[in-house]
Amino acid sequence: MKSLSFYIHNLYQNQQWLDFILYLGLGLILTLSLMSVVALVLVYAERKIAAHFQCRLGPMRVGWHGTLQTVADALKLLLKEDLIPKAADRFLFALAPFLTVMAALLSLSVLPFSLSATLSNMNIGLLFLSAISGYGVLGILIGGWASNNKWSLLGAMRAGAQLISYELSMTLSLLSIVVLSGSLNLNEIIASQAQGWWIWRAHLVGFISFVIYIISSTAETNRTPFDMAEGESELTAGFHTEYSGMRFAFFFLSEYVNLFIVSAIGSILFLGGWMPLHIGEWESFNALMDFVPGPIWFLLKTGALIFLSMWFRWTFPRLRVDQLMRFEWKFLLPLGLINLFLSSIIALGGFYFFP
Amino acid sequence: MNQESNMSANSKTDQSASALAQVPIENAKRWPDLNYFNKIIYGASSLAKGMKITFGYLINTKTVVTQQYPENRETLILADRVRANLIMKHNENGYHDCTSCHICEGVCPNASIHVVDRSEPTVSKKELGYFVWRLDSCTFCNLCVMACPFSCLEMTGQFESSTYDQSLLVYNLNQYSGATQNNLAKLADDQARTSAIKAISPYEGPVALEGYHLAGIPKEFLPQKSDAKTSQAREGVNP
Amino acid sequence: MVTLNDRISCHTPNQDGTTTQEYFINMGPQHPSTHGVLRLILKMDGETVNDIIPVLGYIHRGIEKKAEAVGYRQQVHLTDRLDYLCALMNNWAVSAAIEKALNLEVNDRIQTVRTIIAELQRIQSHQLWWGVFGMDLGAFTPFLYGFRDREKITEIFEKTMGARLTMNYFQPGGMMYDIHPDFVKDIKEFIKYFRPILKEYEDLFSGNIIVQERLKNVGIIDAQTALAYGATGPVLRASGMPLDLRKMQPYGAYSKVNFTVPVGTVGDSWDRYQVRIQEMYQSLLIIEQLIDNIPDGPHMTMKYAAKIKPPAGRYYTQMETARGIFGTFFVSDGNDRPYRMHFRTPNFNNLWSILKMAPGGRVADLVAILSSIDLVVPDMDR
């Protein structure tokens, strides 16, 4: 509190408040528009990729190859009647989608798209991200409870148990990168990968941590094979069974924004974020790579991870809820702990490739 | 569960037990139960195998099987036996073969056919007035076509029959009320033939909607007047 | 004895003597994995299913009653609407019952073609089941692969029969049309296409560790219990009893072909899954043996008459469809309409085995079990 009042006092003293408001407003608009663009693009991409996995064509009618399909869907959802079940808790029912979207929005604001294009370059960026991602489950829990539907409640409870469990191994895998790079600041973590990405620079440790991260992030975003919370064939639609129209769209939106966020974090921590691809001594190749701007690199890497997640989703069946828990507590968590231990040894000894 | 215990459980009926024992069986394949570490290795490899298959389909665009229906009308090949629409065969002069014998009406399992005799026959004793066919309740079982002694009915593959109004799915299959082509051929000239028949549109005559004409419904339960709303909708259409 | 009152009480004691508040939840009539309008009332303790009360009747159409109002020739068309995935096998069972009543011997061509088509239908039904099974376990992709391959058989059917789902093709005394000239060629092409695809099914889905974990030792039922509930078909065979009418009372051309009956060893969902997969291989074998030597002859042995009047008496014929034994029983009083028509449908009896399979499992297990029984709801309610 002291630092905050100090900060506000400083703003008045130096006549920076106009700058501050401007920065805040601009940031908000940028993040919001980024969020909707990300969701629109990802929904379209998912539908197209899923279709081709399944020997189909996917949306083809609205716009060229169905490119405007998601826009049309969003419009439809906006115009739909706003339904709240009679027995639902009206206030919480209305609140839940906003909580989920808010969590997504907050995480989006700290992602570094390049060294300069970073909305908020926090020195505790990674800690902030993991804190916010834990807060996203609140919306799901409240939504499932407020619907006053047993299927929704089951879905919400599953989501709660699952997200809290997988948060552990996700944080462990993040921690090993923090140990290796020695910072919580996302830009500094990227900068520490100038010699090589953490996925392969730290022997096997980085890779194992990447695998753990991918698995637990898939669970975090509630996607198949870990889509317990929705479990379409089991719980009809899980926590959002009773939601329709815009409220449903908010859940849907935050799901895809979360997918983008976890993939972005993955690309920042393991694949060097906005850092171009450099291969050892190939000077001319490296110079060519440097021409490609940072945000493009960042989006490419994030896109690759998103594709991986979609690939999982359209190949695997769903786990059962107890198997899911067993997998986390008996396999991922021990592995994560061992991995963290090994990464500390590597960090202390400096046994990197290209030190 | 082994085979012997089943056999003994069923020993009451020796005959069927021995018949069961003679059936050549093969056991359902069962992947062995693995321990913790083998399961991890096997699991990872099995997941990778599945991902390889789906990726193969993703990159090979030739595997797409989607047909884009309204656009591919020209290239759409339907088998010639496809049953999607019932028509009454008319020859090149526009005459049919139906003698109004009501056999098709009798074999239709869901009363989709309603044959009405012409009230004032001109050439023969009995002439077809209206051959009412209800597409909305037809199941395309082909029994009417098989039953017709004069082969004057035919199933075609013309499947685009959707409308916005159910009453528009009730057709007259015959293009005119009158005698068969054989009987008409006995007449002197075309003029006599034309005067002996009465051309009708697909949406004329009685409406067999809402199950009124289901077989076996007593007369007193049938509505006295035709439904005003229905006939209005039918009048609005220019066939 | 457990009364309904006990079953609707929400305080079943646990094994350690404590009681937990149980709750009821309606699975269905509108639920994605009940495959239609089956309603299951579940008594649950958290995620664990403690009791199941199936409620039927949401798609009751009175087909058996309607059968009394229409003639024998029209019965075939009604059976299309029972188990629509085995429409042709149902057609065959009714046609055979009427032929039996009329004391009519059909020729070898008809028998062979009927057998080939029934086996194709079995493959088709299993393909759809495989796809839906994948979807119930949460993998959407197998669903479309299953439908993609099912389309190949549907096209063969469409060429020969002119319809895709409710064919009404087998008639008393033979078939509606003769087979299409391309029939043999198309089927050979299909077999060539489908064998590698079946391998692919196994790589994509059967071998998958998640599938194994979800299915193994889930929903176990032993052969005696399954038989007591009246279960037939793959559900019974997965419990280890090789009850297959194609072998035990050979009809059609089944006595001329060599094939084996896949049986399970444990009686869990996995066995029911694997039995069906292996049945597809066996069906391919049967078709391969028959396709090259279809005897010549007419496709209809009975002169067409709008009305069929079997002599008075009771007639029963049963056949092995993709889901179990489909029986047709009718009482004739010598008229052109049956006095009573009854269908012994496999799904109705298979359903009740979930009462033994599902309690104690999770909701997810129940979904897998329901899917492994392969229910078609219109077949239960009739």
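Order of writing sets the chain letters: A, B and C. Residues in each chain are counted from 1.
Convention: a contact is a pair of C-beta atoms (placed from the backbone, for glycine too) under 8 Å apart; a residue touches a chain by one contact, two chains touch by 3 or more.
The shown structure was predicted, so the numbers you read here are calculated from the model rather than taken from an experiment.
*Asks:* Of the other chains, whose C-alpha centre is the longest way from the centre of chain C?
*Replies:* A
*Asks:* Tell me which of A-C and A-B has more C-beta pairs in contact.
*Replies:* Pair with more contacting C-beta pairs, A-C versus A-B: A-C.
*Asks:* From the Cα centroids, identify the chain that ends up most central relative to all protein Cα atoms.
*Replies:* Closest chain centre to the overall C-alpha centroid: C.
*Asks:* Where the centres are mean C-alpha positions, what is the separation of chain B from chain C, in Å?
*Replies:* 23
*Asks:* Once you find the CA centre of chain A and the CA centre of chain C, what distance in Å lies between them?
*Replies:* Measuring from centre to centre gives 45 Å for this pair.
*Asks:* Centre to centre, by mean C-alpha position, how many angstrom separate chain A and chain B?
*Replies:* Averaging C-alpha atoms per chain gives centres 51 Å apart.
*Asks:* Using the touch definition from the top, which residues of chain A touch two or more other chains?
*Replies:* 53-56, 314-316, in rising order.
*Asks:* Scan chain C for residues touching two or more other chains and write them down.
*Replies:* 141, 148, 204-205, 208, 210 - these are the residues of chain C that touch more than one other chain.
*Asks:* Would you give the residues of chain B that are in contact with at least 2 other chains, written as numbers and ranges?
*Replies:* In chain B, the residues touching two or more other chains are 47, 50, 53-54, 65.
*Asks:* Would you pull the chain B residues touching chain A in the complex into a rising list?
*Replies:* 40, 47, 50-51, 53-55, 57-58, 61, 63-66, 68
*Asks:* Could you please specify the touching residues of chain A with respect to chain C in the complex?
*Replies:* Per the touch definition, chain A meets chain C at residues 50, 53-56, 150-151, 154, 158, 224-225, 227, 231-236, 314-323.
*Asks:* So in the complex, which bits of chain C are touching chain A?
*Replies:* 23, 25, 31-33, 47, 134-141, 143-145, 148, 204-205, 208, 210-211, 213-214, 362-365, 367
*Asks:* Using the touch rule from the top, collect the residues of chain A that touch chain B in their complex.
*Replies:* 49, 51-57, 60, 311-312, 314-316, 331
*Asks:* Quick check on the complex: what are the chain B residues that touch chain C?
*Replies:* Contact set of chain B toward chain C: 1-3, 6, 9-10, 16, 19-20, 22-31, 33, 39, 42-43, 46-47, 49-50, 53-54, 65, 78-79, 81-83, 103, 106-107, 109, 139-143, 146-147, 155, 216.
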